[in-house]
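Listed after this line are the structures, all set down as structure tokens.
Okay, so chain A shows up in both of these, paired with chain B first and chain C after.
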Partner chain A sequence: MRFLLHRAAQGAFVLIAISIVGFLLLHIAPGEFFSEIRLNPQIAPATVDALRVQYGLDRSLPAQYGLWLRSALRGDFGFSFAYNRPVSSLLWPRVRNTLLLNTVALTAAWLFALVLGAWAAAHPKGWADRLSAVLTSTMLVVPDLMFALALLMVAVRTRRFPAGGMLGLEAAEHSLWSQAQDFSEHLFLPVLTIVLGVFPILYRHVRSSLAEALASPFVQAARGYGLGRNQILFRQAFPAAANPLISLFGLSFGLLLSASLLVEVVFSWPGLGPMLLESILARDVYVIVGVVLLSAVLVIIGNLFADVLLYWNDPRIRAEWQ
Partner chain B sequence: MRVSRAIVLPLMFLLFLHLIVLVAGFVTPYNAATQFREDPFAPPSRVHFFDVNGRFHLRPFVYDWTSGVEFAKYVEDRNRAFPIRFFVTGNAYSVAGLFRWNLHLFGVDEPAHLFLLGSDGYGRDQFSRFLFGGQISLFAGLLAAFLSLSLGLLLGAAAGYHGGALDAALMRTTEIFAALPWLYLLLALRAVLPLGFDPAPTFLLIIAVIGIVGWSRPARLVRGIVLSAKEHNYVLAARGFGATELYLLRRHVLPQTRGVVLTQATILIPQYILAEVTLSFLGLGVAEPMASWGNMLSALQQYSILTSYWWMIVPGFLLVPIFLSYYILARSFESRVESSSY
Partner chain C sequence: MWRRSAPCDASRNWDYGMSESLLEVRELRKTYVKPRMFGTGGAEVVALRGVNVSIARGHTLAVVGESGSGKSTLARCVVQLEPATWGQVWFAGVELTRLPWRQLRSFRSRIQLVLQGASAAINPAFRSWEVVAEPLQILKRGTGAEQKSAALECMRQVGLPLDLAERLPHQLSGGQLQRLVIARALVLQPELLVLDEPFTGLDVSIQAQIANLLLALQRERSLTYLLIGHGLPMVSALADEIAVMQGGRIVERGAAGSVLATPRQGYTQCLVSVAFGGAAARPSAEGSR
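Moving on to the complex of A and B:
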């Protein structure tokens, strides 16, 4: 328990630091949301000044940060200039969509990586091992962006898959079943792109750590005792190889979010990525801070989750913190 | 230093590529901003050796694209052949900003145009833009990686060598950087820069942003090596003989980090090339009319362009051999570092 509290406190510290640094940097940044309105001759400068006062932009930086912190504690996370709404109300549907995309991709990528990695490690230098070595190298050197563009090109040309978005236009009018079908069709290509980008990294780690565990003396001993191959693989090798993989699981949240930002933009998936891009172009400062903080929260949650798993899997960590 | 055979080919390829890109003005038939407004989205020119009568010509030739009534639908005008000429004079360009010249390796006579990779929406030659774009994208990758590694080396060595509060502060900072997904971090830092601005200073600022994104990993690695290196007996002995701190760092400690720095360089450079491509693709990077590999791809955000003009996506796939080369180099350096540490 103390272990987790320690880790959670570290995460909270990082979040606060990010919010402060983010505030500072965006304050230094030239231009703000209202600088474009100022250029409009039909809006009086006094109106713009009044707006700035209304949003608290005339106050000092620490005061602005204090205001933001208060609104963050209230659950609003500031106010979007462009949408004239609390940032959180903008972000929640976006986070949900990003998470939907990423949980499916995360599950798929890890499933493939574990199954194929275990297969390849159990049959080193076999045809599957060699084939996957070539395939994963290829996937590693082709940028995610090109996967996304190529798949989108195929989608639009063949008309087999919808070319972006999350739901079809008339989706709301259909039955629940056909809505689900429509949704999964929209989901397929973005998920495939993310999986193609992340899978090779996961696969390589699974394969190498399992192969290492399988070559270790205690596994050889187990083999000597005549234990079956599956029992050796799942009861002996997996727990021993799990630690680096669990850490990688935590890290893979960040990898996935990065991959999904691009994928969301290319496939117009209404997630956090397009929102961040839009807010940068509009200089909608609180939305930028909100999205960036949320991405950090997701990564930190991923790492905490990995810590829980580590704590559960490794008796050494339990002993150290008790 | 023995060079393993596996890295010869990728190394040669990368050297060749950089050389070509450096003298892009000479190798390309046109400049990056040369527009042929009457030829938007022209498909790649077909290079012929046989004419309409089936006769073979040693000198390859192209036909002019003529467009009908429909937008960007072209047919070859077989009435007149335009042989590809070598060492022709054309647009003026400068080589590495040093001297101006107007001699090109190859080209065709007007009114025909040579579009080896097709043309984009403004009728600009994609092949020329790809090579000129390389000047931006490759340079951005190299410079940003240099910045990252210098920062990492400096801060990592300082943290590892001094320890104490400096170490703690720097390591907390790397944690903050590590907590953000790199693309979110990149965009967040980009948000600090002005949007519409002079292309040249923006380009340098973007390189700085990209370079700052990745300093934390090399810093941590260097710190680890410095921490263990400064406890080696020969370092302690040298210190006992009265060597200065600076001498110890330069002579004994920093050389140990060479393997890691080299490996990190081969990992960071392609990642940073990709970072520039990503930023420019999203419209936050190098601005038109400058060519970069990213802003060549950004037109593809429109479905109609992505589906109708397949050659627009080709520059993206031309990046694959570059990433492959760096990947082979990184693997080779990595295994060398591992084997030397045992």
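Moving on to the complex of A and C:
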């Protein structure tokens, strides 16, 4: 319990620090939402000044942060200049769509990485292991955007998969099953793009951690007692290799909001990606701070979850805290 | 200090017949193939080039030599952790190198390997008694309570206080860890212990304690030791016979006293000279054990 409280307090501190740093950086960056409006000769400068006063932009930076903090505690997370609405009402539907996409993609990437990584570690230096090393190295150097564009091209050429969006235009008129099928088809290419980007990293970590554990002397000793290959893998190597993988799992949990931002833009997925891009271009500061903060919350939750798993898995950590 | 009370007779006949040998290794060869990036085959690394050794029941054969001479490979091939490329390993009249995996399993408890580097040879997530009980759990011998009781008994026999039973490996000293791996090897009541550099990383006084422990255990349990080591002084305190390895071959072999007192090969002379600081400091044939 003491361990959990300590980690939660650390997380809260990090969250406050990120909100301050994010807020500061966005205000230091040149330009603001109303700079572009000022260029419009049809809008009087006095009107722009009045709008700046209305949104509190005339106040000092600490005062603006205070206002934003009060709004965040109310659950609004500030006000969007572009949409003229509280940021939270803009974020939640898009957060849901982004979480859906990334949860499916990261779950698939982890499953493939665990199965294939374990297989490769158990058969080191075989042709399949060497081939997968070459393939994953190649995949690592290809940017996600290239995968996205290539798959988009495949979708357009073959017309087998929809090239964008989350549901077809007439989906609402169909049965629930047809809607689910339509949704799966829309989900496939964005998920595949994210998996292609994340899988090589996860696969390499799983393979190297397990290979190292399998080569460790205490696993060799267990082999010397006659333990079979599967038992060695699951009873000895996996628990021994778990710590770095648990930490990586915590980090990948933090990617649940950010892994798909570019992919969403390419595939017109109605998630956080397209809205964040628009907000950055328009200097809609509070939307950006809101997204950054939500990502930070997920990173912190992911790390907290990883810490709890490490505490549960590793008696050395438990001994340290008892 | 750790020397045996009764010195061995240097004129003893060391050429054991098949019937007296607990372990006999014949023409053992081991070649590792370093795979190419693409395609089959690859560069060959020859670790053992036809090794012949035998150990009589209750005796100790020490295999010494520089790093990379093939000592540890020999140890791993003897306990069947590595398959030999060629040659035979006979244990108690049975050829282990021909046995299928399932039948080999019944022999594994009779031959135990004490791996070098005790801290790495122990699962860091296990408590001390769990480390010792692990072989019993793997081989499904006895109930959980019986396994724990056997583990605690072995810990007591190797001189580990029972209040260490619940400690994790990182909470133990180097000497305690070495005792723990010896206890783990003893829990299956083996006949042959293959000790791969059991003194590595320990200070001199702890080395002496471990050597004393090994001698006491050999006396109590009639254990046979295949001792792999670098340091001739410590090895000579335990060994009945010494085999000197170089480049995957046994270059000299004989009674410990005679090998140390009158080394025939230049390589052995060099090892003895480095270990004992010249001929004047060499132990006599009678006093080596």
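Note that in this section the second predicted complex is superposed on the first by the 315 of 322 C-alpha atoms of A that agree within 3 Å, B and C clash if a C-alpha of one lies under 4 Å from a C-alpha of the other, contacts with A are read in each partner's own complex, and residues count from 1 in each chain.
The rule is simple: a residue touches a chain if its C-beta (ideal position, glycine included) is under 8 Å from a C-beta of that chain, and two chains touch if they have at least 3 such contacts.
Values in this document were obtained by computation on a predicted structure and should not be read as measured data.
Novice: Looking at the superposed three-chain arrangement on chain A, would you call chain B and chain C a clash or a fit?
Specialist: Superposition result for chain B and chain C: fit.
Novice: Which partner chains sit in contact with A:Asp314 here, chain B, chain C, both or neither? Use first/second/both/neither.
Specialist: Once the two structures are laid over each other on A, A:Asp314 reaches chain C alone.
Novice: Can you report the vertex angle at chain A, computed from the C-alpha centres of the three chains with chain B and chain C as the arms, to the nearest 10 degrees?
Specialist: For this superposed arrangement the angle is about 90 degrees.
Novice: Regarding the shared-chain residue A:Ile28, is it in contact with chain B (first), chain C (second), both, or neither?
Specialist: Only chain B is touched by A:Ile28; chain C is not.
Novice: For chain A, which side has the bigger count of touched residues, chain B or chain C?
Specialist: So, of the two partners, B touches more residues of chain A.
Novice: With the two structures laid over each other on chain A, which partner does A:Ala72 touch: chain B (first), chain C (second), both, or neither?
Specialist: neither
Novice: Considering only the touch criterion stated at the top, classify A:Gln236 as touching first (chain B), second (chain C), both, or neither.
Specialist: So A:Gln236 only meets chain C here.
Novice: State whether A:Pro143 touches chain B only (first), chain C only (second), both chains, or neither.
Specialist: After superposing on A, A:Pro143 lies in contact with chain B but is clear of chain C.
Novice: Once the two structures sit on chain A together, report how near the CA atoms of chain B get to those of chain C, whole Å.
Specialist: 12
Novice: Report the residues of chain A in contact with chain C in the complex, numbered from low to high.
Specialist: Interface residues on the chain A side: 125, 130, 216-218, 220-227, 231, 236, 239-240, 313-316, 319.
Novice: Taking the complex as given, what residues does chain A use to touch chain B?
Specialist: 10-11, 13-15, 17-18, 21-22, 25-26, 28-31, 137, 140-143, 145-146, 149-150, 152-153, 156-157, 163-164, 253-255, 257-259, 261-262, 265-266, 276-277, 280-281, 283, 288, 291-292, 295-296, 299-300
Novice: Which stretch or stretches of chain B touch chain A in the complex?
Specialist: Listed in rising order, the residues are 172, 175-176, 179-185, 187-195, 274, 277-278, 281-284, 297, 300-301, 303, 306-307, 310, 313, 316-317, 319-320, 323-324, 327.
Novice: Please name which positions on chain C make contact with chain A in the complex.
Specialist: Answer in residue numbers: 35, 37-38, 79, 81, 104-105, 108-109, 112-113, 115-117, 120-125, 127, 134-135, 138-139, 168, 170-171, 184, 188.
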